[in-house]
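Shared chain: subunit A. Partners: subunit B in the first complex, subunit C in the second.
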Partner chain A sequence: MTKDHNLKVILGEEKYNQIHNSKVLLVGAGGIGCELLKDLVLLGFGEIHVVDLDTIDLSNLNRQFLFRHKDIKQPKSTTAIKAVSGFNFHNSKLVPYQNSIYETDVFPLTWFDSFDLIFNALDNAEARSYINKIGLFLNKTILETGTTGTKGYVQATIPGQSACYDCTFRETPKTFPVCTIRSTPSQPVHCVHWAKNFLFSSLFGEDDDSVEDNSLEGKDASELGTDNQEELQALMKESNELIELKRSIVDESFEDKVIEKIFVKDIENLLKIEELWQQRTKPTPINYTPEYKAEILKITKEQLGTGQKLWTLEQNLSVLISSIRNLQARYSATTPIEFDKDDEDTLDFVVASTNIRSHIFNIPLKSKFDIKSIAGNIIPAVATTNAFIAGFSSLLSLGIFNNPDAFKDTRAIFASEAKDRFLSSGELDHPNPKCSACSVTRGVANIDLSLTFRQLIDALVEKYGYDEEIALSVGSKILYDLDLDDNVEKSFTELKVKYGDHLEILDETDVKGTVELYIETNTDGKITLPELVIPDKPKPVEEKKSEEDEDDDDDLEVFEENDEDELLIVEEKSIVSSVGGKRKLEDAEDNEPKKVKV
Partner chain B sequence: MSNELSADEIALYDRQLRVWGAEGQTHLKNSRILLLNFTSLGCEIIKNLILAGVGSVEIYDSDTVKEQDFSAGNFFLSESELAKSKVDQAIIDRVRDLNPRVNVTARDEPILWEEHKNMEYFRRFNLIIANNLSYEETVKLNAITREAGIALYLTVNHGIYGLAFNDLLINVSTYVDFKNPLARVVGPISRNSEIVKVEKFYDEESEKFKERFTVKSQYKPFIDTYTSSAFANLTKRKRKNVSELLSLFLSNLQTPTSDPTELISKANELQTKLQLNPLSEQTINTTVPSFLEQQGTEIAPVSAIMGGALAQDIINFISKKVEPMDNLMIFDGVNYSMPVYEM
Partner chain C sequence: MSALMKARLQEERKDHPFGFYAKPKKDKDGALDLTQWEAGIPGKEGTIWENATYPIQLQFPPEFPAKPPKVKFDQGFYHPNVYPSGTICLSILNEEQDWSPAINLKQIVLGVQELLDTPNPASPAQEPAWRAFQKDKATYQKKVLDQAKKYAT
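The block that comes next holds the complex of A and B.
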C-alpha cells in the first residue's frame, strides 16, 4: 500500500488532492497551535504558514508538545515548524513568522487573501477580533478555537452566512470598588488586587503610573464604593504617605518603614473610623517589634517549601522582607519594576503582602501557588483538551473546504463534561444583526496618504451619495465629523492614518449602515473607493423573548482574556443561545466600542 | 511511592496542577501504563499521558513500520524507520523525549495470550490501553485485567468512526462539586453506580455550599456489552437515538467481515438482542459501506480527538478528581457526536 493510503481511503481522492493543493494560515503556535500544526501536517495540507510572536516558556512544555526543555526562550513559530518537519510525510510547505499578526507591512490584506482557510489558535480576544475582521474584509472562513482547562470550543465563521466572533457578547473582567480594595477587604482576591495593583506599583512601579484604578481622583461614589469623607481623607493621606515613603527606598530601614506603615499605622488609622467597623470584623494591626523581627529572620528557605503549602504570618513576613531587599537592590527611578508572575521577587512581594493583609483582616490565607494564579491571571491548560479541540478544528476544516454548503454542514463543537457524552454540538448561528463587526459593510480603499481628508470626503459623497453628515474614525479615534472639521484640510499622513488602518464611516443622518474601509496606499495621487452596496441602517426591533435550548443541561463557556495561550470561561449557553439571534439588546450595546475625539 | 512534587515539577506542570491539583499529579506520577499496539490513536493517548507526567509507559507492538503508516497519524514514526520494528529505538527515543521524567520502555516480543506466565508481566502495570485487538484477544485480556485488578481501556477505530470501552473494576472515589438544587443522596445514581456517602460543607473560597460525595461504580467486563439490558427501558425517542455504530463495531469485532450483507445481518441480530430497532436505511446505505471501506484505517484528527478525550478520562480516573466514563463511547466523525453508554 502507498504512503497516502489512509488519507485517500478516508478523504477520497478528490478531497485528498484539494487539501494537498491548498494553502492555509495558522495563527498561533501555542497549546492549540502545536496540536493543529501536527494535524494539518499529517493531513497533508499543501502549504501551512504559522504566525506566532511568542517565545517558549517552561510552563508551556506540559502541553505544547513540539517544544523541549532545550527550546526555552526560542521562538515558537520556527521551533514548531522544525519539530513537525520530522513527520512531514506529505511534504507540506511550512512557513514560520515570528511577528505580531497586527504588523500590516508583514501581513498586508493581500497576504491574508492568499490563503484558502484561516485557523485561529489564539490566546486573546483582541487578536481574535482582528482576525475576525480580516475574514470579514476578505470573505474568508475562519476556524476559531479556545480552551480553558478541560473546557473548549471550535467554531467556524463563514462571512455572510454564520455569526462571527464578535456577534457574541463577552463578559468583561470583574472590578471592585476602590474602598473594598483599600480599606474594607473581605476576600483573598481583594488583598491580591491591593498588593499587586496598589502597594507593589506604588513602591516599585513608575512614579506617576502608580495606581490609576485605585486612586480617588475622578471617581464617583459608586466606583469608590463609599461617600464617607473621613474614609476618603484617610485613603488620600495613606497614598501621600506612600509617595513619601518611596523616597526612602534606598535606606536600609526601608523594609521596617514599609511594614510599620502598611501593616501597623495605616490599619490603626482605619480603626479610628468607627463607622466602618459597625457591621464588620475589625482588622488587627500586626505587632512588629525588633525581637519579633529577629525571630522572623531566622526562618530558612527550606522551611518555606515549594509554595504549595500555606505560610504562617511569620513566614510571610520573612518572605516580604527578603523580597523587599531584592527589589530595593534592583530598583532605580529609571528602571522601575513591573509585576510579573514569573519574576520571583515581584511574586514573593505580592504573595507575602497579600497574606499579611489577609491575616490582619481575618481573611483566609492562600498558598503562593494559588496567589500566583490570581495575580497572574493564569488560565489552567492541559494537553488533552488542546488535542481534542485542535483535532476537531482540523476535522471540521475537511468538511468546510470547497463546500458551498459548509454553513449547513458544519457544527460548533464544545467539549462536554456531561457523563453521557464527550462533546455537545450545534448548528452554526446566523449573524447577529446588531454585531459591531459583521453588520458593517466592508471594502478596500486605495488612497494616496498625501491627499487631504477633504478629498476623501468629496470622494465618499460622490461615490456613495452621502451628504456631509458623516463621521470618520480609525479605531477609537474620531478624525472627522460635523463638529470636528479642523482636520479636513490635513493630509492622511498628518492625521497618522496609515496602510492597514480600518477607516469607519458612520452616516450621522442614520440612513445608511456603517461602512469600514481597509486602507491600502498608493503614491499616484488617487483615492480609489470600492464598489459597495451599502444597506440602510437597520431599524431597532423589539427583542423576542429568548427560549432555552432544550439540550443544554451542562456546558459552559464564554471567553475572557488572559496572558496565556488559551481563553474563555463562563457559559456555553450564552454562546449557543446567542448563536441564534436570541441575545439581549443591551449586550449588543455593550459591544459597541467607546470612541474618543482627537 | 513518592508523594512530594519537587519545585521543578511544580514549575513544569503549573498549568495542569490548576486542573487536577498536586494530589492528582502525585497519583499520575505513581501510575504505570501499558500500551498494546502503537497505532495512531495509541500514539495520541500516550503522548498526552506522558506530557501529563505518568510514572511509566511501556509500548508494545510486534509489527513493523509499513508504508501506509505514514498517513495514519503516528507522528513518532519517521520514514527512515520503514520496515523496522514499530518500537524501534529511534522511535522510542522520540517518545521519551516528550517528557524525560517519564520512564518509557518498549516490547516487540509477541504476547502469548494463552500462557499464564503473562500474568506476571501484566501485573507490572496498573492501567492497560489496548488498541485494535481481535475479539479473542480482547476477551482474554479483559479476563487477565479482571483477575489481576488492572484498569483497562479498549479502543477500536475505522477511519472516522471509533469505539472505546473501559473496565475499571470496582472504582470508589470521592469527588467535590457544587451542591445541586437537589442535594445528592446515598443510593443508586445509574445502572452501575451508587453514591455511598455525601457530606455538605461551606466552601469559603467560592462562598457556596459544596458536596463531598463518594461514588462506587461497578464496571462490567467487555463481553457483557453483547447482552446488556442498558437500552431495555428507554423511551422510543432515546432508543432511536442510540448510535447504530455501536452494533456495527461490536458485531464486526466478534465476526469480522468485509461483506456488507453479513455485517448488516450480524448487527441487526445484535440490535435485537440489545432491544434496539433494526438498522436504519441511513446506516445501511451510507454508514455500512464507508465503515467497511475504512476498516483498518486511521487519520490524525480522529486520533487527536479520541486520544485527547480518552487520555483525559484516564487522567480523571487516575487523579481521582473527576468521574471517569462508564463504560462505552462511540465516536461518529460524520455527525460529530461522541455519546457514552453505560452498558
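The block that comes next holds the complex of A and C.
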C-alpha cells in the first residue's frame, strides 16, 4: 500500500522493516488499549495480538473510541480489531483473544515467548504483576502504562537491567467499612460515597446495578465495621425498602417518599439502636412537613449562587427536589441513569443528598464544587491522558526494538499535575535488590505430574546442591517443608500442582536465594530442571529498631524498610483520592502513588 | 498472591516472641495455607490473663501488606474490645487508623497481648465485658479468670 512511504521515510527503511517483521502482544483493550492498538497499527507492527476478556459497556464509550453504541455487549478484543481494520494500511496481522490472561492453557509460557515485546494496557495491579513475572521468566521487555485522571506514566521493564513493576510498593485505595457508610458516617467523604454509590445507584441505576460495595452479604465484621445484629438488620430492611421505593419512581409523590424514608424514617430506625450512639453524637432526622416544603419550594435558583457557596439545609433540600424531578422525567427502566459529575441532575442529587445527610449526622457541609471534586475523582479516567500515554508507549517502543542499549536509551515518562511541568521523564530505575519479584532466580522446569515430591526434592538436591531443608510452595500453599513431610510421597497431581504454576523453592537454611520455577509438563516420567546460577541470599543487616518513630501531621508517610539506610517515602493520598470503593471500574486507570527514593 | 505478600508471609514463619506460636493452617489437601494462620497469645504474667494461651486466627487479604490481616479470637471471647464474633478491635489492625505495611506479625501478636490486660473502654465491641469492666470489676475478673482456665497452658 502506498501509505507505507511516509512511515518508511520517517522511521528509516531498517527500523520500518524491523517493526514490520515484529510480533507484539497488547494486553488490554480498554481506555489505554484502544488508543495503543490504533497507534501500533498505524506504526505498522507486523503482528499484533490483543487480549481482553471483557465485553463493551455503555460507560466505556466516552473514552474507548474504537467502540460505538451498537457494540455494547460485544467482546472488546474482536471489536477493537474490527474497528482498526479500516485503517490497517500496513497490513498488520491482527489476532484477538477474548480470554483471561491467566489462562495457561490458552496462553502458555511458550506463547508469551513468541512475542518481541509486550504492551501492558491493564487496569489492575494483579494482572500487571502477573505479566511482570512472565517477563521475568522469559527475560522479555514490557512497556507498562497507567493513568489516573490527568496523571499517567509509561515505564519499560527490562528484566535484569531495569526495575520491575513490583520493585516499588504500592498502596491500595482505602476502603470504608460498610457500616461507616451506611449507618455511622463521620466525614463528608463517607456521605459522598453513600450518596453516589449507594443512594443514587439504588434509585436511578440499573435494577441489578451492583451496589456490592455497600451490600451486606458475604462480608464479615471487619468489612462491615460492626457485628451488631440489630444494626445489620436495620440496614437490610433499609435496602429492601429502597427497592420498594424505586417502584414508585413515576409517582408524583416520589420526592416526598424519598425524603421521608431516607432522611426521616431510616434515621429514626438507626436511633432506636442505642449501642450505636453511646460513643457517638446522635443523628437528627429532618422535620419534613408540608409547610416546611412550601418554604423550600420558594427558594430560587439565584439564591443558590455559585458552586463555591455553602448551601443551607433548606437550599440543599430545594436542590434535591428539583434534581429528583429532573431525574424522574429522564428515567426509564431500559435506560438507567449513571452518575456523571458533568451531568448536572446527577451531580445536584448527589451534592444535595450528601449535604442533607451530613447535616443529619453533624458533619460539616461542603460546597457543590468540593463535592463534585470528591465524587468525580472516584472514576478517574480522562480520554486525553489515555491517548497521550498510549502515544508515548508506542513511540518508546521504537527505541526499544532491537536495541541492546535500550536500558540507557529509554526514558520513563510521567504526566503530573505539577504547575511548572506537565510531563517529566527520567532514566529507568535500577532493580530494587530487595524486590520480592525480580530478586528471585527464575527458570522453567519440565515435570511429569505423576511423579512424587520426593523425586523432585532429590532432583533439586542433586542439581542445585540444596540440603533437604527447603520449603516448596505454589502461590499461597506450602506443599513441603521439613515439618510437613507427610506430602513427600504424594504426586504433583495429588497436590494439585499443574501446568503454569510457579513453584517456589525457599532455602530454609537461609543460604541460597529464592528460586521460582515455571512448571511445564511432560508424560515421559521425567523431571528436567533448568540450568540456574542461584546467588546466595543477601545477609540481613541487624535491624535498628526505633519503635517510637511515628510521624504524623505532615503528608508524607515514611516506611523504614527492614535493613539498609533506604527510606521509601510514599506520598499519602489525599482524602479525595482515597474514596476508592469503586476503583476497579472498567478502565486502565490504575496509577499508584508515586514512590520517592531518598 | 503478590510476590511481596508471599515473601513477607514466608518471612513471618520464623522468629516468634517467646511463649507465642504462629503458623499457617493446613488446608484440606494437606498443604499449609499462607493466607490463613493461627497463633497463640500468652496472657502476661502477673495479670488476670496469665497461665493461659489464647488462640487467634489471622486471615491475610490479597492486598496484604497494603491492608491489614483480619484477626479474631474464638467466637464469644470475653473482652471489652472484642466483637461477639471474636473480631479484635485494635487500631494497628485498622486500615483507617494505625495500620502500616511495615507492621509485622510479631508486632501484631504483641499488640494483641498488650490489649488483653489494658482494654480501651472508649471503644466497646461487646456489651457484657464492656459493662462489667466499667461497672462491676468483680464479675469482670471472675469471667476473665474462668476464661483463662478454659485456655490454660
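The working rule: the second predicted complex is superposed on the first by the 334 of 598 C-alpha atoms of A that agree within 3 Å, B and C clash if a C-alpha of one lies under 4 Å from a C-alpha of the other, contacts with A are read in each partner's own complex, and residues count from 1 in each chain.
Here is the rule we go by: a contact is a pair of C-beta atoms (placed from the backbone, for glycine too) under 8 Å apart; a residue touches a chain by one contact, two chains touch by 3 or more.
All of these numbers come straight from a predicted model, not from anything done at the bench.
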Ask   = A:Ala80 contacts which: subunit B (first), subunit C (second), both, neither?
value = neither
Query = What is the contact status of A:Arg68 with respect to subunit B (first) and subunit C (second): first, second, both, or neither?
reply = first
Which of subunit B and subunit C A:Val50 touches, first, second, both or neither = neither
Task = State whether subunit B or subunit C is in contact with more residues of subunit A in the superposed arrangement.
result = B
Task = Would you check which partner chain A:Glu35 touches, where first means subunit B only, second means subunit C only, and both and neither mean what they say?
result = first
Query = A:Thr306 contacts which: subunit B (first), subunit C (second), both, neither?
reply = first
Request  = Please name which positions on subunit C make contact with subunit A in the complex.
outcome  = 1-4, 6-10, 24, 27, 29-35, 62-63, 66-67, 70, 83-85, 87, 93, 95-96, 100-102, 122-124, 127
Touching residues on subunit A, where the partner in the complex is subunit C = 125-126, 129, 133, 166, 169-172, 174-176, 220-222, 226-227, 275, 278-279, 435-437, 440, 471, 473, 475-479, 481, 484, 486-487, 490, 495-496, 504, 506, 514, 557, 559-561
Residues on subunit A engaged by subunit B in the complex (per definition of touch) = 1-11, 35, 38-39, 42-44, 58-59, 61-63, 65, 68-69, 84, 86-87, 89-90, 149-150, 188, 306-308, 364, 369, 373, 378-392, 394-396, 398, 411, 413, 417, 419-423, 425, 564
Complex contact set, residues of subunit B against subunit A = 5-7, 10-19, 22, 44, 47-48, 51-53, 66-68, 70-73, 75-79, 94, 97-100, 159-160, 190, 204-205, 293-294, 297-305, 307-309, 311-312, 315, 322-323, 325-326, 329, 333, 336-342
